[in-house]
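Okay, got some structures for you below.
Paired with subunit B in one complex and with subunit C in the other, subunit A is shared by the two complexes that follow.
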Partner chain A sequence: MTENAPASMYRTDEGMGLWEHRGKVAAVGVGHSPTARRWDGRAETCVGAISLIALRRAIEDAGVDPAEIDGLVMDPVTTTGAYWPKDKPVPPEVVGAFNSTDNPLDGIAGLSAEWILKNMPELTGIDFTMYGPGCMSNAICVAAQAVGDGLTHTCLVLKSWHNYEGRYYQGGANAGSDLPGTAALHALWGTPACYGTALQFAEYCRKYGKNHDMMAPFIENSRQNGLKFPEGYWASHRPEEITPEDYKAARWIAKPANLFDNDLPIMVSAAYLYTTAERARNMRQKPVYILNHAASNTRPRSLTPTLDEVEADTARTARKIYEGAGITAADLSFENMYDGFAQFHQFHIEGLGYRGMKFGEALDFYQTDISIHGPNPILPSGGNIGCGRSRFWMHTDSIQQIQERAGERQVTGVKPEIAVSGGPMPLGGRFTVWSATPD
Partner chain B sequence: MILISFDIDGTLTVGDPPGILPMEMVRAVKEQGCLVGSCSDRPISAQRAIWASHNIEVDFTVSKHMLPDVKAEFAADVYYHIGDREDLDRRPALEAGFEFLWPHEAVEMPWVEGT
Partner chain C sequence: MKQGVVPDDLTRPFWEAANEHRLVIQSCVACKHLQHPPAPVCRVCGSDTVEWKEMSGRGTIYNYGVVHDCPIRLLQEDQPFNVAVVMLAEDPGIQMYSHLPGTPVDEVPVGAEVEVTFEATANGQMVPEWRVVGSSGEGGEQA
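On to the complex of A and B.
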C-alpha cells in the first residue's frame, strides 16, 4: 500500500539553510488530459482514464522509456467538493473497463497508486510510490525531495480532479445533518467556501483603503492568460474573457467576493516527469531545475485566519522559499502563486515581496502593466481563474515558461530564468522554486 | 407587452450544460414582439457574444442578480424568467416580481406556438 509522505519530507521550518538538493532535481516532461466541466459517465473519461492520458503524455513529452521510470508520487484524492452519492450504484461497465482494485470507486471518485500501476503495464520498473495529498503543490514537493534523497531517479508526479453533476461542496457528508468537530461549522451550517478569504479581503480593503473593483485588472489578465493556455478549460470549451465590466457586474457569493473571484470545478489531470539533474540532460525537453521547495504548516487560532495571521505567514513562507533556494525576491523572473480564490493571490505575492511589493500594495500594482509582455508578469498561467479549478496550472506554466515553450503565453517582457509557484492557501501551502540553471 | 428573460446554462441548447430551448425559439419569440434577453452567470460580454453569434438582437443582457434592474428598465404587462435552478432562477425571479417557468413549461406557453 502506498503511504502518505512523512512530514519530514516537507521543508516547513525557517533556518534550514540551502536545500540540500538545490539544482540536483529537475522537471522535464509535462502531460495534460483534456478537460471537461463534469464527468459524462463514460469509462474513457473517468478520472482514472484521464490520469492515464496525462501520465502517458508526460512520459512521451520527456522522451523516456516507461521501463526506466521507477517512481510515482500522486494525490489519491481527486476532489474537494464533488462526492459520489452514497446510494448511487457504481457503474459496472466503468469498473470493468479497467484493472480494478478492492475499492470499486478507485478511478471514478478517487485514485490510488495501485490503480494506476494496474492500468499502466508499461511501468515495469516502479519500486517507489508515495502520496503527496492535497494538491499538485504537495505532490511535487514530495517528488522533488524523493528524487533528491535517492528514493527514485525518474519519477512521475500526478494530480487529477473529477467533477460530477450537482453543486460543489453540497453533497457527501455535507448533505447530512451532522459532522464531527469544527467541520460542522464550515461545511454544514457555515458559509460559502470563499467566505474566509472574503473576510480577509474585506479587512485588507479597510486596512489599506482599497476596494473590490481594484481586482478587475487581475481577473481580466488571468483570464486573458488562461485563454492562451490550450490545455485549460476556458480555452478549450468556452473562450470567454472577463472584462472589468463583467467582473464588476457579477453577483456576490460572499461579499466582497463575487462569482468571478471563485473558480470553476472541472475534470482534468496533469502529470510531470521529475528526475535527477544528470538524467535530465539526456531527455527530450530542457530541464527545469528545482532550487527549493517550502511549506507552511501554520494553523490559525480560530476557524478563519485573520489578515494579520495571513500576512505573517506569507512573509514567513517567503523567507523559507528564498533561504532554501539561495535567492532573493529580485531574482524572480515571474510569479505563479495560487489564485483559487482570486482574493488571496495578493497575499501570496505581497508576502514574497514580488517586485519590491509591500503589504497593501498589490491592488495598486494590478493597475499597472501586469501582462505577460511587460516587465512585471502576474500569474502568467492564468491560474484557476484563467483555466479552471486544478491548482496546477501555475506549475505547468512555470515549467513551460522556463523551457520557453509556453506558446502564446510565453513571457516576453522578462527572461524566464527563475520562478516560484505554489499554494493553495496562504496558510498551509506548498511552494516550489524553478530555475533555468542548476545554480 | 411580454418580457422574457432566459437563463443560458441548463436552459438554452447553447448552454453548458445544454438545455432544451433552441435559439430558434428565442428568435421566434423576439419576432413576435416580445422583449427578450438573458440573465445568466455568464460574463455579460459572453452573453452578448452568444446572441450576436446567432444573429439575435436582444433587449438586455444582465448578470444573475439583476432581474430587478430589468424590471425597472422595461415596461411590460408580464415578466417571465425561464431557468433551470431553484436557488438561482426560480427564487430570485419570484422575488423580483417575475413569473417563473422551467424550460419544459416554457415550451408549452402560447407565445412559443409556431416556433
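On to the complex of A and C.
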C-alpha cells in the first residue's frame, strides 16, 4: 500500500536554512495528456488512461529507459468537486479495459499508485511509491525531497483530474437535505468555493482603495498566455480571449468574484520526471534544478482567513522560499504563483515582494506591462484561468521557460533563470523554486 | 431554506444550545482560549479539557459576500443572498456566518452591530443567525 508523505517531508518551518538538497535535484521531463471538458465515458479517456499518456510522454521527453525509473509520487485524489453518484453502476467495459485493483472506481474516479503500476508493465524498477495529496504542488515537493533524500533516484510525479457531467460541487452532500453538525458550521450558508477568496478580496479592496475592475488586465493577460499553451484546455478547444469588457460584464458567482475569477473544471493529467543533478546531465532535456521547496500549514483562527492572516502567511511563506533557496526577490526572473481563483494571485505575489511590490500594490502593478514580452512577466503560464483547472500549468511552464522551450509563451523581456511557482491557497500552499543552474 | 443539521459528537452541545436559543462557543478550561469551529482539544495549549461557554449574542459584521451561484440545492431558490462574517463581541477572532435576515441583498453595513437570533433549518434543528441592530458601519455596494 502506498502511504501519504509524512509531514516531515514538507519544509514548513522558518529558520531551516538552505535546503540541504539545494541544486541536487532536477526536473528533466514533462508529459501532458490531452484535455477534455468532461469524461465521455470511454475507457481510453478515463482519468487512468490519460494518466498513462502523461506518464509515458514524460518518460519519452526525458529520454530515460522506463526500467531505470525507481520512484512514483502522485495524488490519488482526482477531483475536488466532481463526484461519482452513489447509485450509478461502474461501467464494466471501462474497468475491464485495464488491469484493475480492488476498487472498481480506481482509474475512473480516483487513482492509486497500484493501478498505475499494474497498467504500466514497462515500469519494472519501481520500489518507491508515495502520495503527495492535494495538488501537483504537493507531489513535486515530496518528489524533490524523496530524490534528495535518496529514497528514489529517477522519479515520476503525477497529478490527474477527472470531470463528469453535471455542475461541479453540486453533487454529494450539497444535493442532500441535511448535513452533519461539524460540516454544517461551514456549509450551511451555501457559499460557493470562491466565497472565501472573494471575502479576502473584498477586505483587500476596502483596505487599499482598489476595485474588482482593476483585475481585468490580469485576467486578460492570463488568458492570452493560456492561449499560447498548446497543452491547455482553452488553446486546444476554445481559443477565446477574455477582454476587459467581457470580464467586467461577467455574472457574479460570489460577489466580488465573478465567472472569470473562477477556473473551468476539466479532465487533464500531467507528469514530470525528477532525478538527481548527476543523472540529469545525461538525459535529453536541459535540467531544471530545484533550489528549494516550501510549505504553509497555517490554519485560520476561525471559519475563514482574514486579510491579516493571509498577508502574515504569504510574507512568512516568502521568507521560507527565499531562505531555503538562498535567493531574494530580486533573483526572480518571473513568477508563476497560483491563480484559480484569480483573486489568490495578488496575495501570493505581494507576499513574495515580486519586483519590490508591497501589500496593496498588485492591482496597480496589473495596470502596467505584465506580458511575457516585458520586464515584469506575471503568470506566463496563464494558470488555471488561461488553461483550465489543473493547478499545474504554473509548474510545467516554469520548467519549460527555464529550458527555453515554452514556444510562443517564451518570456522575452527577461532571461529565464530563476522562478517560483506554487499554491493553491495562501494558507496551506506548497511552493517550488526552479533554476537554470544548480548554484 | 437551510439544509437540516444532524448533530455529531463534537458539535452536539452547540446545536442543543441553539435549540434552547442560546449561543455557546467552545472554551479551553486551562488557557481560556475560545475556538470555533470546535475541536477535541485546545488549538492553543493542547489541553483536552474544553467546555462550552454561553456568549452574549452580540457581534459586529466583519465582512460579506453576495452569493449568486450557490452549490446547495435547497438554497438555490433564495439566490442572490448575503453571506456575512460576524465576529463575536467576546472575541473578534471568533467568526460565524450569517445570511443577515432583514438586510437587503448587497446592502450590508460592514462594521455594524448585530445580535443573534435563531432560525429553523429543514429538519427543525435551530441555527444561530444574526440581525443588524445598529448602523455604525458603511453600507452600500462593494468592490
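Simple rule for what comes next: the second predicted complex is superposed on the first by the 428 of 439 C-alpha atoms of A that agree within 3 Å, B and C clash if a C-alpha of one lies under 4 Å from a C-alpha of the other, contacts with A are read in each partner's own complex, and residues count from 1 in each chain.
Criterion: contacts are C-beta pairs under 8 Å (C-beta built on N, C-alpha and C of every residue); 3 or more make two chains touch, one makes a residue touch a chain.
Since the model is a prediction, treat every value here as computed from it, not as a measurement.
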Return first, second, both or neither, reflecting whether A:Ala97 touches subunit B, subunit C, both chains, or no partner chain. neither
What is the contact status of A:Cys205 with respect to subunit B (first) and subunit C (second): first, second, both, or neither? second
What is the contact status of A:Ser177 with respect to subunit B (first) and subunit C (second): first, second, both, or neither? second
Any idea whether subunit B or subunit C touches more of subunit A? C
Kindly classify A:Leu105 by the partners it touches after superposition: subunit B alone (first), subunit C alone (second), both, or neither? neither
Between subunit B and subunit C, whom does A:Tyr195 touch in the aligned arrangement: first, second, both, or neither? second
For A:Lys255 in the superposed arrangement: first (subunit B), second (subunit C), both or neither? second
Identify the partner contact of A:Ser302: answer first if only subunit B is touched, second if only subunit C is, both if each is, neither if none is. second
Once the shared chain is lined up, is A:Ala315 touching subunit B (first), subunit C (second), both, or neither of them? neither
Subunit B and subunit C contact sites that coincide on subunit A, given as residue numbers: 251-252
In their complex, what parts of subunit C are in touch with subunit A? 2-8, 10-12, 14-15, 35-38, 43, 62-75, 80-81, 83, 85, 93-99, 106, 110, 121-123, 127, 142-143
Residue numbers on subunit A that touch subunit C, as the complex places them: 167, 169-170, 174-182, 184-193, 195, 198-199, 201-203, 205-206, 210-212, 251-257, 299, 301-304, 306
Using the touch rule from the top, collect the residues of subunit A that touch subunit B in their complex. 37-38, 237-238, 240-243, 245-247, 249-252, 259-260
Contact footprint of subunit A on subunit B as seen in their complex: 16-17, 41-46, 49, 62-66
